[in-house]
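Here the structure is laid out as structure tokens; the discussion comes afterwards.
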């Protein structure tokens, strides 16, 4: 990128705008990613996305590793919510290899996914706070998120990356007393929700700043491939957990909350309401989880071959549809895996349209309201 | 005689720096407790300033150096004229107008300095700071007007003297609307939320401070420290009846600062135009009502 | 299998296309290159409105690239994988930007990672990588390990006590 | 004079300002470290928005070539004294990305690293411990990475240019591939 000389006079048409970098080193951006804004006065005239700062070539690396080795690699694709990667990948492999997953393992997977979802939503609360300058929100939300990570650590041994799923089930059974601790934690989180409401969602200044920012209509959302809570906040009732139930979601009773205004505030509120539903799902799982084996044993993992075929497996993550397009040619390694990150279309394509004529104050609010997570499109 | 006065002046300057930095440290501690944290040591800001002055620094030209030095020195000059308890160096010269004039000088100096760094973020930050200044100066002017009319004097020493003789004589009680308006304006003056658009890190990467490093950031911190001392000090003199000695003075200052902190901890920041609109709506209205009450 | 998927597969078969269901809610359809724009527009008109992703598979043994357009239908709860094969020695494809504007970024990415040229796409500048001079990295004949060793030279370093990790190749 | 130096080092060690630049996935453990659970502000460490204000460059995890370029700009903008902390196993030897075409392996070939934190990813306690360790090094006057960088600038520059300013393909082309821009 060429920097423009600062001493050029303003008379030239070419220098009517000036460049402003949001990222990569900027507190307003989520992760290592950059938007270059061409500013005209205080309005944004043009936006360029500059991804690739987190590109590690996962898709190439996965072709070089065994089917089971990849499980250690893929959680790193989405850092705030790594479990969706493992589950989506395992579901794809199981479908291709024809492995039946025991009921208990499916319940454990749902528990892990929903806990990860709550953790990711709490993280996005902190994003709201950080973007608008309400620094008490990150401090509270991330502190509470840590209790979830503690439970994860007890269950899987890892705080952030769990590497817990395995083709055919999960690696370890739930330890004794863990479920009781989980339900205690859910009580605690529920008692915290009114405080978050008072601090964040009922805050008049925050409402003033986020209402009407970044309006996204239902048609635009569908056209631009925007999924997950952002789509639902625009009024489209689409949740993979309901529409194409995977694991045991069809046995659980939950609602899809509706906000439907399509602006940044309703996207925040959507996440807040869905958190309540996740707590509800977890309560049911604690009650309903059956006894039985936690994993279908697969033969020697070093010789584990997946029959040739293609499959697209997807999971509803906190950011939208997280998909794994898996191609196997019957070898011990995947032939090709394509990872569909939910932020791709919003962060790299729709942002350029949405941010035009926006003010610089609204940019961080927009980024955090769409919950753009750079690692999942950089891969 | 002049030499003694000079020494006294330096003493007052050091006092204001010390108290200001202490307030900043306490602010970090109190904010941390609201955020369920332990917080840094209270003297952390002294360590930070010392460290900043021991760092290598890059200058961006003469205007950059001059602006930052002017910022601190104008505020220090203003502090000298502030009556604080028994310390009152110029009892016959403590004109409020002059103090406010020197304060504005300080902010303009800072603005000149950081704009010459050439960073667009700094320029946006300065533009926001000056817009915000326009926002809070207007209600504050209305308040000062009513205090002037009420006390029939422009000297802070005399205003303090007029409030003597108990709590009920304080302007806070006598001019309640004016006090409220001034409190809100103080929030803007201190640059606390919801009026801290000038330094919004998530939007413009800490605004005016974006190119400041080392000694220059140290000057910025010192300016903020003296600014806190001066602004809360003016409020104490105007509304809380001054003080009989320096300890009571600092305690009263801290009370005002504490309220500002609590508001700061639970509110996000306004957009710049919303902030100015708010300033011109609520506090200005309160100020005008107060002025009308006083005049009639 | 969903009824809507079954119906759609039948319908596509009647259009002389190879289609088959892959799971409960998804199916694939193989489309010749000339008919891609027509079929994609048809799919969009019949409810497959959301463009999920465009992926590319390098079938080096067949000397072909396979482009996979993944479409989603929210009303019928179905997913379609539209596959197009293009020759590897002449990697060219028409841009589908006129149907979904979103294709622009996906095509730019695939141009960078596979070297496929999309005719009609105005912006195919480097996207994720800076100054890439080798063959596109996601092609099967690109050896990432050799590249990494050559460029970053992970040599054993006695003075720092660093040893290169032991590498096991599974066959 | 040495007393003065000791005094400055004492204060420097108690007021680390960290650059808020999330270079890799290790940045995920920074919010817990900053906020109420671990609260690194206790030790005088606070995140700063721009490199001019910062003392510490915390390289959180792997570095792609594109990030490395920005990181070097950032490092050179910081005012001395400045320190680099390599965070996670990816900065030490590439970690799980040892065979990736876009991730550098040893960070200390390109920037002078004062301290490495091992693990993938290191826990917040490890981060806090590293600040303590760095404080000890600074107080003893041993953390001199920025001076090393100036002294050996040619060597660092040559290494940086080798990976960032490539003029010809790294690998021999197996066959001629035509690729229009």
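Residue numbering begins at 1 within each chain, and the chains themselves are lettered A, B, C and D in the order written.
Rule of thumb we're sticking to: contacts are C-beta pairs under 8 Å (C-beta built on N, C-alpha and C of every residue); 3 or more make two chains touch, one makes a residue touch a chain.
Worth saying up front: this structure is predicted, and the values here are computed from it rather than measured.
Asks: With respect to inter-chain C-beta contacts, which pair, A-C or A-B, contains the greater number?
Replies: Result of the comparison of A-C and A-B: A-C.
Asks: What is the distance, in whole Å, between the centres of chain A and chain C, each centre taken as the mean of its C-alpha atoms?
Replies: Those two chain centres are 22 Å apart.
Asks: Starting from the mean Cα coordinates of chain A and chain B, work out the distance between those two points in Å.
Replies: 43
Asks: How many angstrom lie between the centres of chain B and chain C, each centre taken as the mean Cα position?
Replies: The separation of the two C-alpha centroids amounts to 60 Å.
Asks: Roughly how far is chain B from chain D, centre to centre by C-alpha average, rounded to an integer in Å?
Replies: Each chain's C-alpha centroid was found; their separation is 38 Å.
Asks: Of all the residues in chain D, which ones touch at least 2 other chains?
Replies: Residues 35-36, 49-50, 66, 99-103 of chain D each touch two or more of the other chains.
Asks: Two or more other chains in contact with one residue: find those residues in chain A.
Replies: Answer for chain A, listing residues that touch two or more other chains: 26-27, 52, 55, 57, 60-61, 64, 139-140, 143.
Asks: Using the touch definition from the top, which residues of chain B touch two or more other chains?
Replies: Within chain B, residues 35-37, 201, 205 contact more than one other chain.
Asks: Which pairs of chains touch one another in this structure?
Replies: Result of the pairwise touch check is A-B, A-C, A-D, B-D, C-D.
Asks: Okay, in this complex, where on chain D does chain A touch?
Replies: Answer in residue numbers: 19-25, 27-29, 31-32, 35-37, 47, 49-51, 62, 64, 66-67, 70, 74, 96-97, 99-103, 120-121, 123.
Asks: Once bound in the complex, which stretches of chain C touch chain A?
Replies: Touching chain A from chain C are residues 22-26, 28, 49-53, 55-58, 68, 70, 72, 74, 77, 79, 81, 100-102, 104-105, 113, 127-130, 137-138, 140, 142, 144-145, 170.
Asks: Give every residue of chain B touching chain D within the complex, in rising order.
Replies: Interface residues on chain B, with respect to chain D: 28, 32, 35-41, 44, 47-48, 50-51, 54-58, 201, 205-206, 209-214, 217.
Asks: In the complex, go through chain D and note every residue touching chain B.
Replies: Against chain B, the touching part of chain D is residues 8, 11-12, 14-15, 17, 35-36, 39, 41-44, 46, 48-50, 52-53, 55, 78-81.
Asks: Okay, in this complex, where on chain A does chain C touch?
Replies: Contacts found on chain A: 51-52, 55, 57, 59-61, 63-64, 66, 95, 222-225, 227, 236, 238, 243-244, 302, 309-312, 321, 323, 325, 327, 332-333, 335-336, 338, 340, 344-345, 348-349, 378.
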